[in-house]
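Next come two complexes built around subunit A: one with subunit B, the other with subunit C.
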Partner chain A sequence: MRILSTVQFTGLRMLRNYIVLLLLLVVPILLITVFSFILAGVETETGEKPLHGVVKIMVVSFQLFGGSIVMSYIQHEFFTAHRMRLNMIPIRKELYAFSIMMCGTVYSILLGVILMLYSQFALGIPWNWAWSIYVITLMAILSSIVCLIFALAVRSFKLAERLSEVYGVGFILLAGLFFPMPDNAFFDFMGSYGNPLMLAMLSIQAIEQSNAGEAWFTANILLGAVVLLFVLMLVLGRRRIG
Partner chain B sequence: MTVFRFVFLRSFRNTTNLIFLTLFPLVCIFMPQGDPWPVLPYGYQLFGVFLLFVSIRLASYIQVDRMSGVVKRLSIAPLSHASYLSQHLLAYLLIIMLQCVILVYGGVLYGQPLIQPFLLLILYISYSLAALAIALAWITLFRNKELAFFGFMSFVFLVSVLGGIIVPVSMFPEWLARIAVLFPTYWLAEGQLWIVYGNELGDFLFVNVVLWLYALVFMIIGSTRKLR
Partner chain C sequence: MQGVVKRYGNAVALDYVDLAIYEGEIVGLLGPNGAGKTTLIQTMTGMVPIERGTIKLFGQSNNPFTHANKEKLGLVTQEITVYDELTAKENLQFFAGVYGLKGSERKERVQEALAFVGLAEYADKVPTKFSGGMKRRLNIACALTHRPKLLIMDEPTVGIDPQSRNHILESVKKLQEQGTTILYTTHYMEEVQEIASRVVIMDQGQMIKGGTVDQLIQSIQHEERIHIDVADTSLLPVEQLQSIAGVMHVDVAGTRVTVISTAGSGNVDRILSLVKEYTGVLGIQTENPDLEDVFLTLTGKQLRDGGGEA
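Right after this comes the complex of A and B.
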């Protein structure tokens, strides 16, 4: 119960971090606005608009970086500034860490939902709300867990930060958003079922084509990755925090 | 040239920096060729974005000096601010030029179709001058190093999209294409277009002069505020 009373302050401190707001909210809003100007009139022969896909993949890809919120917070509370203080107060540390993780994930999802709202109402991109939020939730949890694993497994926080950037940028690169990847088995796999970003996109696209089986299949792969990595995170976390 | 030497040592002392400064041009060499756009292989396109990151990373050393009071202490030493700044910038420029040489001539060795490698090298050097100057001007706006870096990162994303490095300018609506001219990345893309299709040397010179103008203007802005 004591943990619950900390949640609102955790939330407030996260909201106050304006660098995160700049990078994960203002920049994507500006970027998707620019893309909506550039791709406004473009249509393929089948009448599809590439803009919709581009905006969706951008909204989802910014979830890859959401984990850095949790990571920097955990670092601040457990390993540097508040480390000694935390040893004195009568709370269960692992529960506190879990509450921070939940707060960060919810915050990241919230930013994603704001982006979705903006793209739906300002730019007219149709979203399948329930499913997209489910997929974005999975992505946010996955990214938090991955970043926490980095923070817990690596001694130097700078290295952990770099690794989290590699995770985000790497999967965007592997998805072939900047340039096409070479055509072989490894890159094919990493550009489809081995890539959380592409799994999320495949799932959202499948539900739009009302292909529920495929949508569940891809989302369940994500869920499986979340569960597996969560166990790994628990093992690492007990060693460093517990 | 004492400052010059120590700037060099300082830039390469940090392992992350070392990896950052040497590995990326090497990776860029091996990126594939786009069809039909961009005109040069993707690595040569993205290197323009990357140079902006390198310049802010290097320029942030000057910011650290300003914030930690080193510049204040130097102001009573027998060293003028102009020579402090110029030696820093010269060292940074040399580091960046080295990367450009690796990228361009590595590409030639690897067999990338670079049409006119020497002119491409000159274009990159002009561009990196502009990039360094912009980074220098940017850090004078901020007190906080982190904020300056992340702010610049968002700026880079926007500039590279708006300047036609990620998406070709020919796809832009007309009013956006006019705005694109304002960004240095547009001139890099323009210069690369000239290297593939152009034939009049005057046009290429014009692109370079525009980049030098950027460098001059931002250098003046960046060098004015030295103390806080």
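Right after this comes the complex of A and C.
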């Protein structure tokens, strides 16, 4: 019950963190809007609109950075002067850390859903809502876990921040969104099943094409990564926080 | 705590420290920066493990850092540890919640704590809008909502204006009147002189001496202290002054030289004539010793700068 009482305040702190809102909500909305102007009316020979794919990959891409919210709050609570006060409080610290992680993940999902709402109702991008939210949820959880692993594995928070940026930007780069990647087995793998961003996109596209088998397969790879990394995070968390 | 030892690598942070705090008293823990005050707090709250010795908390020495004992403890951290995104009221609601307070009781305690530190009218403002003193007061209030039996205050007045400092000192006295036991660490000797029932002097990880302010001052009453204002301190024969029979210590600060001698040593004329030989004497003053003098005598250091040998 005591941990539950902290959730509302952790949530309030996240909602009032305007920098996070700017970076993970305002910036993607602006980018999506700009692309909607650039790609307005563009259609492929088969009648598909490239804007739909571009907007969807941008919405999913920003989930790669959602974990930085959790990372910064965990760092603030457990690795700054707050640690001393926290140590005096009669609560289980690992549960409190978990509650922060859950808050940050839900917040990241919420921001993703707002982007979906904006893209659908302002720009007319169609979504398979239930499946897309499931995939975004997996991406948000994965990002939170990866960022927490960085925060728990290295002593310097600045280094953890840089690593989290490498995780986000790196997978966008490997997906070939900035420029084409070399054509070999490694980059082929990292541009498809070895890349959480591409797994999420493949899953969303598969469900839209009514290919449920491929959608589940790719989503389950993400789920598997979540489970494996969660175990690693627990081990590191017990060492640093517990 | 008894015989507590804590090392960080080769550095000894606590060196066989003994400290007892009795119900209802304010213990002033006085020491310069780096004396080991914060480490002492960290060990007595279970934040860092000790290497030797025993810690007894509320009569419990075997695993004393239980949740039940933590509920009776309050900590005012040296650094301000409030949440900038939450209002003053929400900050207190957060801390009240983690101590299990709910509903009307939580509301009442939050209002009480805000009023106690004089921030009731700023309840809905965020700390980023506060002055340094107001933030410090909020930091204190965060440790009060659960009405701790033992409140540990780690340098709660660092870097604040005199008005806020007075407010905090008054609050500490009020808390004691309400039955709270307080461990108050500081390097401002006038603060402990004003509020502490008992003072413990700490330096280099060791407890140097303890007692009431009067007892500590009496312990150095066997000394005479002469302040001499001179024209040029650079000309002073410090070594010769120190070699005069009975002189225990010579301290030069600004245009003033302070000579501490054994009481009744009858060396005042000799000291004055020696000083006059080298520079002009502008004035002479004798002074009753205070805690600063106790500290200087016991450790050979000034309390404020905490470092250099005097």
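In this text, the second predicted complex is superposed on the first by the 241 of 242 C-alpha atoms of A that agree within 3 Å, B and C clash if a C-alpha of one lies under 4 Å from a C-alpha of the other, contacts with A are read in each partner's own complex, and residues count from 1 in each chain.
Here is the rule we use: contacts are C-beta pairs under 8 Å (C-beta built on N, C-alpha and C of every residue); 3 or more make two chains touch, one makes a residue touch a chain.
Since the model is a prediction, treat every value here as computed from it, not as a measurement.
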Touched partner set for A:19, first subunit B, second subunit C, both or neither: first
Partner chain(s) touched by A:30 [first = subunit B, second = subunit C, both, neither]: first
Which of subunit B and subunit C A:158 touches, first, second, both or neither: first
Subunit B versus subunit C as contact partner of A:121, first or second or both or neither: neither
Which of subunit B and subunit C A:6 touches, first, second, both or neither: second
Contacts of A:85 with subunit B and subunit C, given as first, second, both or neither: second
Contact footprint of subunit A on subunit C as seen in their complex: 42, 45-47, 67-68, 70-71, 73-75, 77-81, 83, 85-86, 90, 93-95, 97-100, 102, 142-143
Of all residues in subunit A, those that touch subunit C in their complex: 1-2, 5-6, 9, 12-13, 16-17, 81-85, 87-91
Touching residues on subunit B, where the partner in the complex is subunit A: 16, 31-32, 34, 42, 46, 146-147, 150-151, 153-154, 157-158, 161-162, 166-167, 171-173, 176
Subunit B-touching residues of subunit A, taken from the complex the two chains share: 19, 22-23, 26-27, 30-31, 34-35, 37-42, 158, 162, 178-180, 182
